[in-house]
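Chain lettering (A, B, C and D) follows the sequence in which the chains are written, and residue indices restart at 1 in each chain.
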Amino acid sequence: MISYLTAQAIDVTALAARITAPERGAVVTFSGLVRNHHAGREVVGLEYSAYDTMAEHVCAAIVGSAESRWKCRVAVQHRLGRLAVGDVAVAVAVGAGHRDAAFEAARWVIDEIKRHVPIWKREEYTDGTSGWVDPTAPQGMIAASS
Amino acid sequence: MISYLTAQAIDVTALAARITAPERGAVVTFSGLVRNHHAGREVVGLEYSAYDTMAEHVCAAIVGSAESRWKCRVAVQHRLGRLAVGDVAVAVAVGAGHRDAAFEAARWVIDEIKRHVPIWKREEYTDGTSGWVDPTAPQGMIAASS
Amino acid sequence: MTLHRVRLFARYAELFGAEQVEVTLPPGSRVGDLISALRVLPGGASLPGDPFVAVNMSQASAGTSLSPHDEIALLPPLAGG
Amino acid sequence: MTLHRVRLFARYAELFGAEQVEVTLPPGSRVGDLISALRVLPGGASLPGDPFVAVNMSQASAGTSLSPHDEIALLPPLAGG
């Protein structure tokens, strides 16, 4: 049973190794890193939390769909807990026979993860405040956190 | 002066590290590996050769175009010499502010490399024969090599 | 009447000051009824018009029926990736 | 007359049995003239109809003019990546 969520630093190389094989000549990886700015504010770090069981379930469904649609192998990891600027927050690796499939599947998987996996992010700013990120809000932000 | 051609094993992680920075939250890598089959034949290895000076020049132009078009950083390496099945033949790494740019630039760069960089590939098969690969030919093959 | 436990996450856990709240509803109630009941709890007035509810780890709509042992969760806007 | 050195790679180096050949052309000759001259060398008959010629590391067409010190190369179909 693979876990898609991890409290440890994500090793993109190890993730890619999982889906690499001699019959798959194209490997695409995507890594999402914690940026030092968001919505015009300077970010010092952030904290991810999740509805763990549902998040695992949704990740498994996304991976399964991509593997059957593009005849490829997919590996995914999403980090939880406190992260610093530059840390890998999420990584996707796809191995396929050809690059069309590898690029399309990787792009689709990260888009689906962002749309459907129940994970939340609280950003911490250089001024000492923090806020919950809401990608659906005009400024990408709901409200200051308690 | 960066060299885009290398006779050494390509380290995709090191390549990605070159283009990673706190303001670039999206990193996409593409690795092209030597597959164990091509055009219905079993491949045991291959040899890449290049018109070195022109290849370096064309790679630099592709990287420069992508960096300015997508406001990103791009790193590229292409292996030369003898390779075994599973070896990384070419790798592209793109770091950008967002994933749209990172995916598009990575895809464009590998397509341009395949179209314009003067590199040639002789495949060796399990039956002891070898042949020059011609992607423009119907079976992807010109003729047996001498 | 049926007691439903509702799991809360992230900003909603802060709004309600708890990781779980309990709501009692008549049998045959739907997700829309549950949301109405949540709105009158302390903190519930700040919920958006159409909050994301998951029932048994799948996205539900206002018309989704609730059964006594369903796993119900109220999810703030997702921000993974 | 001008002596032009033409670099050969991969399968073309095998065809001509050399990594470089020399061709003498009248001043003002173009890439098309060079290709015609290459076709009559030993091995040159197997060249495709419109081979890829690079002049000073840029793709040239049949009409590209040749100067005495140009770096000229005859390139088989590319197969990098």
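Quick note on the criterion: a contact is a pair of C-beta atoms (placed from the backbone, for glycine too) under 8 Å apart; a residue touches a chain by one contact, two chains touch by 3 or more.
These figures come from a predicted structure and were not determined experimentally.
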For chain A and chain D, which third chains touch each of them?
B
Measuring centre to centre with CA averages, how many angstrom lie between chain B and chain D?
26
Centroid distance [mean C-alpha coordinates] between chain D and chain C, Å:
74
Dist(centroid_CA(chain B), centroid_CA(chain C)) in Å evaluates to 51
Multi-chain touching residues of chain A, meaning two or more other chains, are 32, 110
Check: chain C positions touching at least 2 other chains come out as none
All pairs of touching chains, each written as two labels joined by a dash:
A-B, A-C, B-D
Under the definition above, what is the set of chain C residues touching chain A in their complex?
7, 9-11, 14, 54, 57, 73, 75-81
Across the complex, what residues on chain B touch chain A?
12-13, 16, 20, 22-37, 85-86, 97, 99, 102-103, 106-107, 110
Touching residues (chain side chain A, partner chain C) in the complex:
32, 48-51, 53-55, 57-58, 78, 89-90, 110, 113-122, 132-137, 142-143, 145-146
